[in-house]
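In what follows, chain A forms one complex with chain B and a second complex with chain C.
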Partner chain A sequence: MIRLPQQETKTLVAIHGWAGTALGLLLYAVIVTGTVAVFAQEIRVWSSGALQSESPLHAPIDATLRRLAGQTPEQFRDDVTLRVTTARNVSAFFHSHVKDEAGQITEKGVVWQVAPDGRVISRRDATRANVFAQDTDGVLGTFFVDLHVRLHLPNPYGLVLTGVLGLAMLAAAVSGLLMHRHLFTDLFTLRGRVRMVGLRDLHTVAASWTLPHAFVLAFTGAFFSFATSIGVPLLAMVAFGGDRAALVETVVGAKEKPDPRPADGVNLDRVLADARARSGGTLISANVDHWGRADAHITVRSGPRDGALGGVTLAYDGATGAFVGEKPSLGTKPSLGNTVFELMGPLHFGNFAGWWSKAVWFALGFASAYVTWSGLGLWLRRRDDRPAWRAFGRVIAWTGAGLPFSMAVSAAAFFLALPSGATPWWTPAGFLIAAAIALLPALVLPAERVAPLLFGATGLVLLALPIIRIASGGPGWMAAFNASQHVIPALDTFVVIGGMICFVCAATALRRTAEGAGFAATMTPAE
Partner chain B sequence: MSAATTAAICTLISLLGTIGLAASDPKRLRRKAVRTLRLARIGFVLLTLAPGVWLAATLQGVGFLLWIGASAVLGWVVAALASRATASRRKYLA
Partner chain C sequence: MSMSIRISRWPVVARAVLAGPVVVVVSLLVVGCMPVWFPKGAAGIDHIALPIILLPGIWAVLFFHAVLDRSLSRVAVVEAGLASLSVAMLIWKFVASA
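The block that comes next holds the complex of A and B.
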């Protein structure tokens, strides 16, 4: 129990309420999209219908790469970056470092998309900014991630905004912890929905159980947003006089002395096999610096092995294939700062133990979204006698239930546009059209009927998604099982279960409203 | 044994403790906690927290994170179900 003087408690209540109300709707949007984005990689596989489940970097690639190097203009053969695409092909980006129109150093070259059997699928001129532009299969997952990371606002404004939202969440969590006098004794106290005190219980019990998670997510989220948008430029300006290259060299480590003599280079398949054995995880990407030179350098990034929180980056000599060592993300040797930095990702993304950790992080995200929405509802019901707050109630209903509806419709729009290849346009367009449609009931219907109606509509779209997916050319369950691709049936099942839950929630809310336990009945200002 | 399996076993043990805590919650039952109930509740608290302490002490980071996350979600579910059970019992008795 935390006992504070009455005046301080009042101040904390004001901070908690206003921090939540002023930014609550945007925070809710970031949390809901983040909850879905936990499964971003699985959503990419599910939506693209990729049947290959094994990383293509586990298959032989060296001969194909040498063939492609021969077909790539010599000025772009300095470095090559290998990544796994959504459709489980390899994207090989041969590039050089050149100055763009703004005088900034960027990567420019040719990107090849290669199937696991060595077949070339596409070839395109690219820069670092648009190297993934052709990955139209992964648009749906990327759309949700971008919505979560920067609310689709241009850089750096979107990142700064989500960083501020992270701080607001942290302020709400700390103030909520301090002002809640009976944190442990009230962990199981839920006194129904009929009275205002019962509604407050729903908010505080969910918030109390998910408090550690709220702290972690708010802190790591704010860190990721501010680190790239403000932290790095500020550090470069203060400590390196604006020289970002010097900053990167200090943080990542200085490059070795150049040796431009031509060299045949090591067989990359041998290096990748060694990296796979050493890391114990799935290979995600590989990079060859100074391709075909005596000072060639190879780095291979892997996902986490069983029991490890994060993956590793392994460094090899590109000429001999000798293992150089494990490369920290920050600096050149292991440090406490690097350990803390490397913990941030797994703690925020929940991707350290496959489906298990993702399912837990998804559930915690759902609980956090519930805390935000119930908090907004609670704040509003205490001010229900004022017309301006009543109008805000409609906005909350529209955002709260309209966001999941719009996300479901954007997925449907993605599938419908998949055969034509117009997914980059139709996925956000579907989202915006659905948001506009959801506005109609919010303007016309009584406030307490808006959310049930939109949740019902979300349920309908979710139930239809697997059918739309298969109708638009996606693989069926038998084909997926035969290819050992379990992501597709698993996500189909989750989507259907989600649809049924939406229907049950909508029916329950409508029943409660009809019984008189809805919006008006909970107005007991004396409490 | 994989990290996820270890964490699942630890979470189940903690879930038993959480159910015990919910079932013996004096505030929810509207009953004053007598000495035997208090002792039982201390036992349930230990049962809930001990698996997490063991995972942390043995430096099983993945297991600990899975345990704390899953226990939080299941604790919330238990609180909701316990409240529902109490409400139906009261309705039945009335």
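The block that comes next holds the complex of A and C.
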């Protein structure tokens, strides 16, 4: 039990309310998209219909790479980066480091997409900025992640905005904790369906259960947003006098003395097999610096092995294939800074214990989204005699129920565009069209009917998604089971259950609204 | 009447300024000067990595101090002191390395 003097409690209530209200809608959008993004990798697999679950880097690739190197202009053969694409092909980016129009060093070269059997699927000139543009199968997952990370605003503005939202969430979480008078009682107190009391109790119970999770997400989210947008440039200036190359050298490791003599290089298949055995996880990327030279250097990145928090990066001599050592994410040897840094990802993404932790993170994220929306509802209900706040109530209904609807429609648009390869255009277009459609009931209908209607529509789209997916050429359940790709039927089931929950919520809200009390208060704005 | 409202509101405005933009600037200054005094650690990266990781925490501590401390002058003194100390360290760092 926390007892603060009345004046401080009053201040905390004001902070809690204004932190949630001023940025509440954007915060809600970031939380909802972040909740979905917990399963971003699974969504990529599900939406692309990739049946191969094994990493293509586990299959022989050395001979293919040597063949592709011979077909790549010599000026782009300095380095090659291998990544696993969403469709389980290998993206091989042969590149050199050149100065762009702004004078910044960037990577420029040729990117090949290769099937696991060595067949070339595509070839394209690329720079670092657009090297992933080829991965049209993974657009849906990437769209949700980008919406969560930077609200699709250009860098660094989007990152700074989501960083500020993280701080607002931190302020709301800490003030919420401090102003609790009966923290443990509040975990279980639900006092019936009286409109105001019922909503406040539901908000408090959901907030109490999600408090530690909200704190962790706000802290780690603010870190991720500010690290690249403000933190790194600021500290590069102070610690290295603005010398980014010196910063990179400290973080990545000093380059060895150049040795440009030509060398045949080690068989990459042998290195990848060794990396797979040492890491115990799935290989996700590999990088060869100084391809075809005596000073070639290979790094291989793996996903986490069973029971591990994160993957590892292994370093090899590119000429001899000798194992050099395990490379920390930051620096060249283990350190406190690296250990803490490597904890931030699993804590934020909830991927530290596979599906189980992701499911818990998803559920808590869902509850946090409810807390944000119900908090806005509570704030409005105390001010529903003022026309401006009542109008804001319509905006809340549109955003609160329109966002899940737009996300579901963007997924449907993705599937419909998948056969033509136009997913990069139609996925955001579907989202925006759905948001515009959702605006109509928010402007025309009585406010208390907006959210139930949009939830019902979301349920309809979610129920149709597996059918649209299969009708667009996606694999059926039997094909997925035969290929041991369980993600596809699991997500189909998940989406159908989500659709049914939306229907139940919509029906319950309409019924309670007709009764004029209770659960409807949690679904509708004040009016 | 309007004069009394103006007088009664200025502490709220001053606190909002101290807890808002001033806390953001002071947090960035504190984090920005940490590489000057923070130990580099075994890999030579702790003085870069940990300040960035601690940024949300430093902001939160300064923010809640600014809104909960009843003495506005104490809030101002703490923030001015931290800012001055950080700026002094940054000047010393750049003058020493020049």
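One rule holds for everything that comes next: the second predicted complex is superposed on the first by the 516 of 527 C-alpha atoms of A that agree within 3 Å, B and C clash if a C-alpha of one lies under 4 Å from a C-alpha of the other, contacts with A are read in each partner's own complex, and residues count from 1 in each chain.
Basically, contacts are C-beta pairs under 8 Å (C-beta built on N, C-alpha and C of every residue); 3 or more make two chains touch, one makes a residue touch a chain.
Bear in mind that the values here come from a model prediction, so they are computed numbers and not experimental data.
After overlaying the two complexes on the shared chain, residue contacts for A:222 are found with chain C alone; chain B is out of touch.
Judged by the touch definition given at the top, the superposed model places A:15 against chain C, while chain B stays out of reach.
Of the two partner chains, chain C is the only one that A:171 touches; chain B does not reach it. With both structures placed on the common chain, the touch criterion links A:231 to chain C but leaves chain B unconnected. When the shared chain is aligned, chain B comes close enough to touch A:205, but chain C does not. In the superposed model, A:307 lies in contact with chain B only, and not with chain C.
In the overlay built on the shared chain, the residue A:287 is in contact with neither chain B nor chain C. Once the two structures are superposed, chain B and chain C can be ranked by residues of chain A touched, with C on top. Shared interface residues of chain A, touching chain B in one complex and chain C in the other, do not exist. Interface residues of chain B facing chain A in the complex, by the touch rule stated above, are 2-4, 7-8, 21-22, 25, 27-28, 60-62, 65-66, 68-70, 72-73, 75-76, 78-80, 82-83, 87. The residues of chain A lying in touch with chain B in their complex are 185-192, 205-206, 209-210, 212-213, 306-309, 346-347, 350, 352-354, 356-357, 360-361, 363-364, 367. Interface of chain C with chain A (complex): residues 28, 31-36, 41-53, 55-57, 59-60, 63-64, 67-68, 70, 90, 93-94, 97. Residues 7-8, 11-12, 15, 166-167, 170-171, 174-175, 218-219, 222-223, 226-227, 230-232, 234-235, 237-239, 241, 247, 250-251, 328, 330-338, 340-341, 344 of chain A are the ones that touch chain C when the two sit in their complex.
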